[in-house]
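Both of the next two complexes hold subunit A, though its partner changes from subunit B to subunit C.
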Partner chain A sequence: MRSYAVQRAGLAVVQLAVLSVLVFVLTSLLPGDAAEMRFTETLTPSQVAALRAELGLDQPPAERFVHWLGNVLTGDLGTSLISGGPVADIVRDSIGATLVLTLTTLAVVVPLAVALGIAMGTRENGRLDRAITSVTLALSAIPDFVIAVVLVAVFALKLGWLPATWVGGDLLASPALLILPVGVLLGRTVCLLSRQVRAGTIAALNAEYVTQARRLGVPRRQLLLRHVLPNAAVPGVQELARTGDTLLGGVLVVEAIFAIPGFATALVDGVETRDVPTVQGLTLVLAVAALLINLGADLVCNRLVPRTEALR
Partner chain B sequence: MSVLRGAAGWVAVALCVVPLAVAVLGPFLPYDARAGLPYSSEGLLGTDGLGRDVLGLLLVGGRTALGMAFGAVVMAYLVGGLVGLTAASTRHRWLDEAMMRPLDVLLPLPSLLVISVVAVGWQASAPAITVAVAMVNVPTVARLVRAAALDAASGPVVEALRMQRESWFTIQLGYVGRSVLGPVAADLGTRITLAVFLVASVNFLGLGLSPTAPDWAVSVSRNREGLLLQPWSVLAPALLLVSFTLGFNLLADRLVHRSRRLAGSPA
Partner chain C sequence: MWRVSEALGRRGFLGMAGGAGLAAIAGCGADGGAAAQPKQGGRLRAVYAGGGAKEVLDPHVQSLFVDIARHKAIYEKLVELGPDLRPVGRLASTWEHDATATTWRFTLRDATFHDGAKLVADDVLYSLSRIVDPAVPERVAQSSLATLDLKRSKAIGASKVELVLTQPNAEFPALLAGIGTHIVRDGFKDPAKPVGTGAFRHVSFEAGRSLVASRYDGYWDEPARIEELHILSADSEARATAVQGGQAEYANDMTATFARTAEAGKTVRIVASKASTMQAFVMKVDRPPFDNPDVRLAFKLVADRQRLVDVVLAGRGEVGNDLFGKGYQYYPADLPQLERDVDRAKSLLAKAGLAGKEIEIFTADASAGFVEAATLFAEQVAEAGVRLKVTTGSPQTYAKDLLTKGAIGNHRSGAMPIPQYVTDRLLSHSPFNVTHWRRPVFDAAFAAARAVTSEAERSAKYGVLQKTVRDEGGILAWGLPDYLIAVSAKVQGVQAVPPNTLDQGRFDKVWLA
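Take a look at the complex of A and B:
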């Protein structure tokens, strides 16, 4: 167990190192820099060059990378080229709304998906199973933004029950605002996860150890909770990492539609204005988060079913 | 094909074929698109927010919506499939490691993030977005193909073939390559749906194609304020997209079930 954890954490460290290079390279490759984007209309070429020197954009990429990495390691994400404030502030200001969104969604998704998955798996090919399977299959085929556009039109514009966009204030203080965005994010993630839990439940129920436990007279409730659930959860937890990716894509779309000033909005703004330090900072934070989720998922899987010795 | 057995199979095919036909044949249809007032009900499906004929836009908007996704999946399979097959068939462990390890590192990168950065960087060009979507899919495809090929390559059939002194090519292409096709076909459905989603999301967010492009996803985004004025301007492109992904999902699901039944394990 420990050796697996050490090995897996080692891989995460390597991944982190490569990711930091990738983030830097990808964002540095963006054609046109902030100096050009903002000032070509008002400044002369020589003034643009001076500005570039001031922003450090005239240094060779390798030098800029070392400089950037050194700063990041000491907790300094750099200075935004557009607002002039520290990138860390942008991260801090925007991460709250996104965290509220994702955590609320996860808090609803995980129990719901597990309950649905077990309900389906224990009634394999029954009427309930087939009904839920068809619904989840259909729902997972609808892009987030289509669901969002239709929900806004019906519940916000037509019926006027819920607010259509964020108008300021705290997300947590106005739960009504959260209903539609979380509803949109729920759709596909619940479908993905519950199908995995269903498959895991069916596989576990058919396994020999469950047959044996049943033979020994283990009560049904205990059988499900103690023997089936941990094994059924494995594909679900593995899928959670991929669900995280889907969820992040959903958050990008949802923040754009509901005008929520979160991480994704800050990122899209940064990319559009070529604010490279901001994009680098935000991307790095996201990539690290994704890495940690993956690491966590793998370690939890290994804890649930300690048979996956090798990394692959 | 037993995948098609029953009414549900044909429904799935129809769901796929209609948007596909619109996307492929649409640009060649002699349809006279006339401009009118914004969100009016002139023409069969009315006009959009810029006063353009919705049906006319639909006919030309599918090419980017589906074409980019197909291109990306083909590219992902060309690169990822080659990497996966080579990694599985090589006798040198270091080569396998050298090819697969870097992909492990790329796997956790948030896909929409990579695509957004690339899309904006290369000024909303369709090929750039296609390549980015392909890149994001390469690691998963390579892993899938390698796993499937390893399964086949380490089985008794390959051993028997080797003992019969069949050539390397006969074994690798004739047997291993062919047995990879099953898992690949099952994966293809979800992969294409995913690619359509990614392309559509990038375009919807306005990070991809220009906001006036006839693309289906761009149309949904551009006309969403007018949903109640002229519903078809949003619903028609949305329905075509959903119909395609739903049909493909259904087909993939049937394919997976069938291959599980053949393999004898519980579905």
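Take a look at the complex of A and C:
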């Protein structure tokens, strides 16, 4: 177990290094730089040139990367080329909304998907199974932005029950702001997750140890919770880690549609303004988060069904 | 020796135009008598296109509409622009100049900063020195105020300031009304703690999100009616849903498509400033095939302007006459509209040896309608026997790329005084000379005209220069889009005036019915 963890950590460091280089090279390949992006038509070319020198963009790219890397190793994410403030501030200011959004979604999606998955798995090919399957599949087949537009049109603009956008809103004052964005993210994730739990449940129910337990007269409730669920949850937990990626893609769309000042918005702004240190800092934080989530998922699976370790 | 600038004799026109704006609003809304009685109090949330971390609180570093709106709430300029882009006094109540328009004296209004200090001449001198400080290249007005000689400029008592130029310029007041020319307190250092003379005091600011400001009761002009002002950032879709969903009361710069939907409902009203910006194709006059004047004329003749306006602008605009600034001061309104003549265009193109040839048009999704306009124009040019191939570039760098790339491309311009447009785009050394129009004779004639102190005489000289550009230049200004603002039904007092003018985004004048 320990050597496995060390191996995983080493791999993570290599992955982060490669990612940093890639992000730097890719953002450098985009046309234009931060000096130009800051003022396209209000600053004269000579002012832009002066600004470029001030921002250090006239230095060779390799030098700028090494400088950035040196700072990161000392825990400093650097300075935004656009705002002139620390990148850490941009991370701090933007991460809150995204965290609230994803954690709320997870808090809703996990119990919901597990309940739906078990309900479907225990009634394989029954009427309920088919009904839930149809609805969740349909939801996952519709693109996020379509769901979002429909939800906004109906619940915000037509019925006026819920706020249509985060513009002019304050999450603390009106938690209702969360409902529509989380609704959209649910549509994307609940299907995949519940399918995995369903498949796991069916596989577990057909396993010999369950048949044996049934023969021994273990009550159905205990059978499901003690024996079926932990085994059924393994693919679900692994899927949940992948849901992280899906959620990130979804958050991007959702943040744009509801004008949520979150991580994805900051990242898109960073790319659009060629703010390389900000893009670098944000992707680094995201990558670390993704690695931790996957590691966490592996460890949880290991705890749920200890024998999987032996299989590695 | 001193003469009062003629610009000050135009109050009558300003008042009239303001009235016309209000009439236009009353025509759109179904509010009847509610508009008559301004009400006090309330909160107004205005949404503008955002710029993320690019948004700034420093009034001398601005380029986005959202920055301009925020700074306008807190700070003021010496001079602003009226609805026809003519200078009108703000913190300067009057001004006068010497016989050559090289030395100018501005008399300051009795205004008070938010910290209680009176506005004095030293504040003005400090503000100008802060703007032109070469150590900070992003202060935007640096190049337009390059001829200001601060060493020879001085305070004359507390309420008068004398500004000296290195060359004569009768348009100097308009330069003081440009972007990034606000007056700050003498010694102002920290942009995060704004102290201005404007109608609102700063409460809080978050780049990419919001400015919150509260009414300043000591405002020299009539204090604002609303209590609290929020100026928020959001993209076009979010602005639309916010103003429709009641989460904002004012949404800036809306699309024609949105205007159509909004006008079908009752919750949102559209305030349209007619024909107040410009959309054009720009041809580089030094590059083949457009180095041939016949080809430029042929392209101008083949453009079906009305169709471009109907399709690309969804009908929300007027056709252009290949000139910037229709309706603005100095616009030569007597020039006849250029009409479509495909046969003549065809023969001109054949004469130039272009029949059946292919030309590239360089476009990008940098501004609403660019790619659509280029694509539609290609169909129109095909009628004259020339193929126009549409190639697209990077939206973010398009404005700069176009200065050097391609022979023909898209151009749009917001509202600004005509002399400023010429200075920026049509002189040999203009930083944004997108048509490569470089004629020393034109430069000299423009410099001479700008130094003429009689407005009528100056206007006549500008008129001749503009006719030359229209007939021989590379600007094919096909359309003048309306500038659209959406307000919720209860918002009153919003004027239909071009962007960058005094009464655009005047949140001290609006009220909630």
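The criterion applied here is as follows: the second predicted complex is superposed on the first by the 279 of 312 C-alpha atoms of A that agree within 3 Å, B and C clash if a C-alpha of one lies under 4 Å from a C-alpha of the other, contacts with A are read in each partner's own complex, and residues count from 1 in each chain.
We adopt the following convention: a residue touches a chain if its C-beta (ideal position, glycine included) is under 8 Å from a C-beta of that chain, and two chains touch if they have at least 3 such contacts.
Note that the coordinates shown come from a computational prediction; the quantities given were computed from them, not determined experimentally.
In the superposed model, A:176 makes contact with neither subunit B nor subunit C. Contact with both subunit B and subunit C is seen for A:157 once the two complexes are overlaid on the shared chain. Of the two partner chains, subunit B and subunit C are each touched by A:256.
In the overlay built on the shared chain, the residue A:248 is in contact with subunit B alone; subunit C does not reach it. Looking at the shared chain after the overlay, A:283 reaches subunit B, while subunit C stays out of its contact range. Within the superposed three-chain model, A:90 lies in touch with subunit C and out of touch with subunit B [touch as defined at top].
Touch criterion not met for A:62: it reaches neither subunit B nor subunit C. Of the two partner chains placed by the overlay, only subunit B lies in contact with A:202; subunit C stays clear of it. Of the two partner chains placed around the shared chain by superposition, subunit C is the only one that A:82 touches, whereas subunit B remains out of contact. Comparing the two interfaces of subunit A, the one with subunit B and the one with subunit C have residues 30-31, 152, 157, 256-257, 272 in common. Contact residues of subunit A toward subunit B in the complex are 11, 14-15, 18-19, 22, 26-27, 29-31, 124, 137-138, 140-146, 149-150, 152-153, 157-158, 202-203, 206, 241, 245, 248-249, 252-253, 256-257, 267-268, 271-272, 279, 283, 286-287, 290-291, 293-294, 312. The touching residues of subunit A, counted against subunit C in their complex, run 30-32, 36-48, 50-51, 54, 80, 82-83, 85, 90, 93, 152, 156-157, 160, 163-165, 167-169, 256-259, 261, 265-266, 269-270, 272-275, 278. Taken together, the subunit B residues at the contact with subunit A in this complex read 100, 102, 104-114, 116-118, 120-123, 193, 196-198, 200-201, 204-207, 217, 220-221, 224, 227-228, 234, 238, 241-242, 245-246, 248-250, 253, 266. Across the interface of their complex, subunit A is touched by residues 45, 47, 52-54, 62-63, 137-138, 140, 142-143, 179-180, 206-209, 230, 232, 234-235, 237-239, 241-242, 244-248, 393-394, 396-397, 399-401, 403, 431-432 of subunit C.
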